[in-house]
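Look for subunit A in each of the two complexes below; its partner is subunit B in the first and subunit C in the second.
Coming up: the complex of A and B.
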């Protein structure tokens, strides 16, 4: 019983983090049509900033907020400094074909990832370092009974649920949220309605950056921090997104939670060495049954 | 007044508009008719900023629109309802309408509310269905929704692209009459693109006949309607 509960809790808290990563991926995919491979590189960078502040005596919470701000700014900067100038070069020979227009931003994001990882290595040295948690990450005990979950698990789940709640309210109830949905669904009608779609796109990158940096802060305590630690998180987060449906925010989030649970159950009931096999098998199964992902729309992307 | 002079718009090597000149008079309905591929939609898309003009001028209330983005042009009082009942199907009816007024919701809060009430009065069926997704509406309702989205921006010039496309004659009649009433009552200037020349010329004040990107006739609507030789040569009936 305890084993089952602890698998569920660990899976939910890990899944919550993948849900955040998926949220970041879907936002940029829907808002800008780009799979951003630099996403967790940006998160790694902002987590390093937090780590450095904490090492120099700043409180965890101040560092936490600063990292979120750095993540947001980095997200916006990727769009303003790289993606927007790239899409402005539509008339150039290299960007003439639609296939290249789709591919080049993705390649650029890989370049940014490399840049961020080498910069982090140069600034902070490449060796691994730990990252603290704001609450205890050992088994929580209540009245002397050790619970099958930790205070940090609860913290992670709480923070992520709160974030998802705020994001939902933002998208469903505010004018800016409506502008973002409209721009993603039909940029032409959005522009004719007076929505400044390029600013909206930058906002998607910024929010995606914030969500990713939050994921970075929450996942690093269990993974240690090095320039490459978050690569794996991106891969799993991306798999979660594809499982849930690349163009659906709720889909990505649900995919994240499901994948977190799958991983946790394999860890507890089978062996950690089978985790990757299980993820791939699960991905294959979903793609065979529902190629568009669990909540993705059927519409094929027009090329 | 909308004044267009020597407008040229190209798609690659194809000149979709080849030196178009005409004016749309304030408070009147000007209809642009012509066969498929005459450049009618391109004309509207160039005015609203969706396509870039190669050369020529477009002036609206004495300001040039050349080089401006669609999101800036709509702020000058020009609303474009593109072809094909352009609404966003995954958003609700209410959201589609609200979208049209987003850009002025802060400065004109009460007027936006009023504009939204007005379009619901104009098209009561949209009010009944305002929580439904736009994708669940019939073709006619979608066209009404697309027009409503444009109207809540409080335009002085309405660009309407083929509102009759794929709709039953009765629905077309209703939509055209509504536009006609708007123009007569509130002084809205309308530029109506239609393939269905009879319907358009019945309500329009002026008719511009386009063929292969050139203006071949620019006459009061009644005269254009009466000219059998022009109709036979360019519209095929």
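Coming up: the complex of A and C.
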């Protein structure tokens, strides 16, 4: 029973982080039509910045905020420096077909990932370091009973739920959120109704950057920080997005939680070395039954 | 043929280290060709070619160790095995497009090496299986004189690379190559001209995976077949090479493999006297190749071969 409960709690807290990663991926996909494989590279970079601040005596919360800002700026920079010039080349022979228009930015984002990782390796010597948690990460005890979850788990789930809540409010209730939804739905019409679609696009990169650097801050205490640690988080988060449906924000979030639970159950009841096989099997199963993901909308193609 | 003799000649004049590097160039060339087919010609992205190389490598090692094949029999065996793997992969992947495909192949690239740990008794776990090219046959030694280890590695790779080149050149020019380009440029138009798009995509995966398996078999024969030989970064460096050289042509694939293999050496030669801190020196090649990748994609997506081709056609 205890084993089951701790699997559920660990899975939910991990799943919350994957949901955050998925949120970042869906935002950029809907806003700019790009899958950003550099996303967790950006998060790794901002987490290193935070870790450095903490090592020099800054408080956790200041470092936390600084990391979020760095993540936001990095997200916007990726769009302004690489993706915007790239989308100006849509008419070139190489990107004439829809298939290549999806492929080329993916390659560019892999390049950015490599750049960020090697830069982090140069600056911080690729040493593995731990990362602190703001609250106790030992099993919480209430009335002398050790609970199957930690205060940090609660913290993670709380922060993520709060972020999801704020994001939903932003998209449903504010003018900027409406503009972003309009640009994602139909860029042409959005532009005609006076929305600056290119700034909206940069904004979605920036928000995605903030979300993923938050995910980085939350996941590193349990994974140690090195230039490559967050690769796996990205891949799992991306799988979560594909399972949930690439163009659906709730889909990505649900996919994240599902995947977190699946991984946690495999870890507890089977062995950690099978995690990727299980993910692959689960992914293929979902894609064979619903190629557009659980909540994704079916692509309508016109000739 | 010309290709064969030029490389053969280079193999005679290079020192052992560069002979080894040159043979890796040939292996990468074959591996990158598989990306040329998939991404450059038929418009499907795969981030998991390294995993297919692993399939080839393991098949080859099992052939040598368990079935007692010699190296060329087991290479053929490994190509067959990876054709089958490609068929399975293709049937699943042909339904997917763009980002879905990228993600699925990426997960495959992670999952396949972990099979080695799952079935440790067969695949040797983290340590892997150790194999090699064996010794050069006597007639070759008689014909060319003493053959070093690296030189034999190169000479053993060369015939396969030449065959791969021959097949690739013909495939691209053939009806199949034209169908690939049609599928890439407009799926619906392609299907209207009578191409079975699904079947074509599966076929592309099968061919590409055969090439990747061949590359992987020889990559493993350098010494060890294990998860650390086929990491996920291998898939990424193949993709980097393909893009830098030029995604759409055989020349591009070759130029790309030369760049990927020799770039670290070149950087070391240039910066050798600068007394860089080791942490900077270690990451410099990765940084330069990532920068080159970004710049290529943004400024010249057709790669080196594309730029040469473009200039030539403008002068005509």
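Remarks
We take it that the second predicted complex is superposed on the first by the 288 of 303 C-alpha atoms of A that agree within 3 Å, B and C clash if a C-alpha of one lies under 4 Å from a C-alpha of the other, contacts with A are read in each partner's own complex, and residues count from 1 in each chain.
In this text, contacts are C-beta pairs under 8 Å (C-beta built on N, C-alpha and C of every residue); 3 or more make two chains touch, one makes a residue touch a chain.
Note that the coordinates shown come from a computational prediction; the quantities given were computed from them, not determined experimentally.
Look at A:288: by the touch rule set out above, it reaches subunit C but stays clear of subunit B. Shared-chain residue A:182: touches subunit B; no touch with subunit C. With both structures placed on the common chain, the touch criterion links A:190 to subunit B but leaves subunit C unconnected. Judged by the touch definition given at the top, the superposed model places A:211 against neither subunit B nor subunit C.
Within the superposed three-chain model, A:23 lies out of touch with both subunit B and subunit C [touch as defined at top]. Of the two partners subunit B and subunit C, it is C that touches the larger number of subunit A residues.
Once the two complexes are overlaid on the shared chain, A:233 sits clear of subunit B and of subunit C alike. Counting contacts by the rule stated earlier, no residue of subunit A appears in both its interface with subunit B and its interface with subunit C. Against subunit B, in their complex, subunit A makes its touches with residues 175, 178-179, 181-182, 185-186, 188-197.
Contact residues of subunit A toward subunit C in the complex are 29, 35, 82, 85-86, 89, 92-97, 99-100, 102-108, 110-115, 117-119, 121-122, 125-126, 231-232, 235, 238-239, 241-242, 246, 273-274, 276-277, 279-280, 283-284, 287-288, 291, 301, 303. Contact residues of subunit B toward subunit A in the complex are 48-50, 69-71, 74-75, 79-80, 82, 86-88, 90-91, 95, 98-100, 102-105, 149-150, 153. Residues of subunit C that touch subunit A in their complex: 39, 43-45, 47, 92, 95-100, 102-104, 106-108, 110-111, 114-115, 117-118, 184-189, 232, 236, 239-240, 243, 247-248, 279-280, 282-284, 286-287, 289-291, 293-294, 297-298, 301-302, 306.
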